[in-house]
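Structures incoming, each one as structure tokens.
In what comes next, chain A is part of two complexes: it sits with chain B in the first one and with chain C in the second one.
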Partner chain A sequence: MSRLKKGFSGNNPIGYLFVAPSMIGIGLFYLVPAVMSFVMMFTDYSFMDKGGLHFTGLDNFNRLMEDASFHNAVGKTFIFLMTVPVSILLSFPIAYALNQSVYWSKLLRTLYFLPYIMNGVAIAFVWMLLFHPGQGPINATLRLIGISNPPGWMAQTDTAIFAVAIIHIWIMVGYNMIIYLAGLQDVPKELVEASRMDGARFWHTIRYVTVPLVSPTTFLLLITGFISAIKTFGIIQATTGGGPGESTSVLSIYIYKTAFRYYEMGYASAISWVLFAIVMLVMLLNWIGQKRWVHY
Partner chain B sequence: MNTITAAGGTGRREKRGPVLRKWVLTLVMTAFGLIMLLPFAWMISTSFKTPLEVFRFPIQWIPDEIVWKHHEKVWTGPGNFVSYYVNSLKVSVISTVGAVAFAALAAYGFSRVKFRGRDAMFFIYLSMMMVPPQILFVPKFVLFDWMGIYNSHLALILPGMFTIFGVFLLRQFFITVPHEISEAAFIDGAGHPKIFWHIILPLAKGPLATLTILDFSWHWNDYENALIFLIDKNLYTVPLGLQNFVLENSVDYNGMMAAATAAMIPMILVFLLGQRFIIEGIANGAVKG
Partner chain C sequence: MKAKLKWALPGLLALMVFASGCGNSGGGAESGNGNGNSNGGATATATDGGGEAAGKTITLKFWGGVPEEAGPLDMVKAWNDANDDVKVEYVRFVNDDSGNLKLDTALVAGENIDLYVSYAKFMVEKRVQAGSALNLSQLEGYDIEGKLGEAVKAWKFEDGYYGLPTVSSQSFIWLNKDALDAAGLPLPALDWTQSDLAAYAKRLSRDTTYGYVQGTNMFSFNMDGELQNDFVKDGKSNLDTPVTRASLEAWHKMMHEDKSMPTYGEQVATKMPVDASFLKGEAAMFGAGNWIFRNANNLTDYPREFKIAFATVPRPDGARSDFRMEGGLSDVVSINPKSAYKDEAWKFLQWYADEGVTYLSKGGRIPASGQVDNSVTMVKLVEGNEQLYDLDSLKNVLFGNQETYINTVPVQLNDLRAEEMENYFLNSRSLDQTMENIVKRHNDLIKRNG
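Up next, the complex of A and B:
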């Protein structure tokens, strides 16, 4: 019994051996860089002149205030966040239908989910051609249905952000659907049946029974969706590289350019902490909102 | 007599109604699903067309003549996909093996061994999970340059061997294994390493497979790290190689689609083989990146 006690309670140093390799790696590739970044945001560190660290206090943040490219990036990031509610709205009916009795539901689930696991860069290039302003199949279809002057999509500054947003929505619908399917499976069938028995119409059952019961899932999808939308980089960098002009330069693109095109690494660090602050803000807002409209 | 037939009639209609509805719903959902996949169909179809047929409208899904030369160009031309595949396989396999092994060890430590400071350490993991990758790229660049691994596969492999998500996923499972099992083994004289290897790991085959497949697909699809940390073309992984192909062949739309197809093939295979595990992992909170 004393042996057992030694093994499972109190302090068994063998635990350190189990977590050590992971701890060292996480320390070296997450914790240390995070601390470095925190320090660097108060410097004018540039990789080009390896002159060491010059602390410039809050200079980077004063610069942010005046930097029109940064303001543009924040604005574009918030536009891009609109993809989250849209893809959630699109995915719910799909999940709802697949959760009902359909044939070959597993196969259908696969169809909708496929875009999510595919290589983002490859997807980006396919859509780049689909959106080809002159001859692409999307605009050819739009002309066919009577829109004689369809948008230039990625070639046009006022539509490029929507073109990349559409790609992101297309990717995320399948992911949201999978999570909704898991959530819908937790909705007690008796509740839905009871409401049908009471003569509730189809729409009313959805509105007053199903939607409230999956609201924790919706909430989860909002948080994870916002966070992954804020971090989205590949499909934008590969298709437009932030352009034309700065029309798709969301924060993640602007950080990349500032750091690895202009090598202004101190300034880029400061911007990346703004991105972090937005992530935190989103989580806080969601957390407050959750109390108001999530019904368990 | 009348009532019986009437009852039988409604009974059959009630049966037929749902079946019909089920078929209608199935067909509608299949149609939508196929529309979702049109970009993939267009990609494959275009990769077998002649340049003149690319933007022909209405879309000609099956070309008059199947043209293989775009795929040949992708696989045999200068800077071909064979070397990108080799690089991607090397990076993805080594990263994934390391990530799964280290995550399993750490998850065991965090869930089934008690030691001082354990909760504090786990809190560090929790907080690091919140840190977006954008914060880490700049300092990692400086750090890797200093370590001398910038512009080498190690810049992708070393950080790739550590996954916070993996530790969470496996810990979540290890916690559910009843403690009586390890206590019994302990009384029989087994220590923690033996319990980990002979009892817990065999029980965790499902979660281990989930982590392996998800982690592999993330490494295979990883574009951002490769873009930042690799310069030499002979080191390029598939996403960078694809981008390079597009830059060098910006008007060869057929070639671009053949290259995009080449980049997707392994993921299609992985997905078909491990779909169950991927979907399980996604439903358990795995988020890309």
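Up next, the complex of A and C:
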């Protein structure tokens, strides 16, 4: 039987049929646009331009070098990336506590996870009310505890990025917690007990037994967290739209504005590929770093 | 038996794919009903309902930004009742970034659009460049300059008109006359200044939450009335002048010293609905334009008892004597060159400009065509609510022959200026730094665009 015939007579045709829908989807909506944007970044292509493609070499990249708005966006993106370690640090104690036998643990688990599955725009509007500089409950509380001049949150250029970061952290904590809960289930009880028998205190058990044992989970959360933080668009667009000024204009917002407000597709493609390079760089650093602290 | 089973699942899958494919095309045909096939334009469909020997009926698809209930529905009904073989279907898109993107994508992708409305000069420019607008000057039957007057020339491109402005749009100040009366303030003069406005607002803010509110896009209107599109002078940015500075300083003072208007931060952080704020009586004065009529006449959602009067957009202190208000002709209707029924679309457009648009007056649209009588429009603007408007100031401000101009500020320039202005209004930067940044970024933009 020839290889070809064999290939089609076994289970393969069924297999191809099953993967076809997703492969067609990936091809149409990811691969083709990716290749096109790669070509476009060397052109000055504008969406509403019947002139077609003009290759401009590296012009777009020269422009990137001098574009203060782009530099600002890169800086803001890195600030926003800090939400990842913060949300991981916050979610671990919660998961740890919920993994013990506490009252209402199922209810609490659901409550912490809820933000992750809620509608982003709805979340955005609720937080805008919470962050209201004058009458919002957050500032009211701050005033109550004696802070007479609380921050303006989204109404102030130097705090706006932290305001949206807080929302993102709030959303991600629940997700991280669920994943940590799964990881904690795999921590062998014998090891924890053994360390207790050997006289390890509570903190030591966590530091030297639990944390190393869930380090693969932490690594997973770091990777997925960075990816999701870098692509965050919805809550920023819905709350501040990149403002005030350019204070929350992260790369995804800047790309959107360049592509779909100014229709500068060529330049937007170039920024997108820079964003891709940043993602790859962050992943690479993670990957290199993991050998030192991830224990499988 | 086993072999048969093996194929059962993929067979089912194939069937499902096929079926969903059918479903899609069915849906496509449905949504495209009456507006045609992939080559754009309108297609002929048999009349349903009537179904007599009427032959073929054409349905033109007309995209506009005015909500259906604010006039377009009545307009479509009037046309459809009078025309048996050419029907019109109105499709509403929201006139914001994503709405315009939707329209542009549909135009470029060759979707069936016969006519559409553009609301800014830079958008018409883009669409002309993309070959998405028909040169109307090549068509006969409508004397564009004759009917729309000198002002229409602002919409002329090198080789003709690519769209017909149908509405005369204006920016002006809405006043709560009851609040003014209570404070003993007379209606402001037609040539009042930003300082006058500030004084009014300060006095009025004693009785209402705010003396004055305006949409965030209005913060540059006063300086633009001074610049009148001369953004560039000798190849350099012309945005830093004593008058533009005075204008920005006046707003800053109102926010932070007089506290007679909301601070910028508060306004954007809460996405303050400024129109509702005025119509509910929380703010005594409101900078906007004729598009607010559709809310002001809607007493169900915005109940009010006070009378509304009108004032012109105040000029910045030290402004030139020929300061002009932003406004002029707007709502430019273009015909899609890919339309299969250009002649019918052109016939409809002529009717729309002279008559159809009058149905939109109750939503605040003032017809541009000289054929429409101003006094008739005025009646329609306030119809049913006459006692809630000060008709004299309405007449003086809206129909008082004030010189207007069309703002052609490029979108990138408008954005960068707004971003820098925000920093100033939020006290993140001084006025000097703000002006320096605006000029620097503007000069970069000039350099890039040649």
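Basically, the second predicted complex is superposed on the first by the 273 of 296 C-alpha atoms of A that agree within 3 Å, B and C clash if a C-alpha of one lies under 4 Å from a C-alpha of the other, contacts with A are read in each partner's own complex, and residues count from 1 in each chain.
One rule holds for everything that comes next: contacts are C-beta pairs under 8 Å (C-beta built on N, C-alpha and C of every residue); 3 or more make two chains touch, one makes a residue touch a chain.
On a predicted model such as this, the values are computed, not experimentally measured, just so you know.
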Partner chain in contact with A:G243 - chain B first, chain C second, else both or neither: second
Partner chain(s) touched by A:F260 [first = chain B, second = chain C, both, neither]: both
Partner chain in contact with A:P133 - chain B first, chain C second, else both or neither: second
Partner contacting more residues of chain A (chain B vs chain C): B
Which superposed partner A:F18 touches (first chain B, second chain C, both, neither): both
First (chain B), second (chain C), both or neither touched by A:T159: neither
Touched partner set for A:Q290, first chain B, second chain C, both or neither: neither
Touched partner set for A:T56, first chain B, second chain C, both or neither: neither
Chain B versus chain C as contact partner of A:S195, first or second or both or neither: neither
Touched partner set for A:S215, first chain B, second chain C, both or neither: neither
Touching both chain B and chain C, residues of chain A: 13-14, 17-18, 21, 47, 129, 132, 260
Complex interface listing, chain A residues touching chain C: 13-14, 17-18, 21, 47-50, 63, 66, 68, 128-129, 131-134, 152-158, 240, 243-246, 257, 260-263
Residues of chain B defined as touching chain A within the complex: 18, 22-23, 25-26, 28-30, 32-34, 36-37, 39-40, 42-43, 46, 54-55, 57, 59, 102-103, 105-106, 108-110, 113-116, 118, 121, 124-125, 128, 130-143, 145, 158-159, 161-162, 164, 167, 179, 182-183, 186-187, 191-193, 196, 217, 220-221, 223-224, 227-228, 238-239, 242-243, 246, 253, 256-257, 259-261, 263-264, 267-268, 271, 275, 278-279, 282-283, 287-289
Interfacial residue positions of chain C with respect to chain A in the complex: 6, 9-10, 13-14, 17, 97-98, 101, 104, 108, 126-127, 129-132, 263-266, 268-271, 411-412, 415, 419-420, 422-423, 426, 428, 441, 444, 448
Sites on chain A touched by chain B in the complex: 3-4, 7-19, 21-23, 25-26, 29-34, 36-37, 40, 47, 94, 97-98, 100-104, 108-123, 125-127, 129-130, 132, 135-137, 140-141, 144, 170, 173-175, 178-179, 181-182, 224, 227-228, 230-231, 233-234, 237-238, 251-252, 255-256, 259-260, 265, 268-269, 272-273, 275-276, 279-280
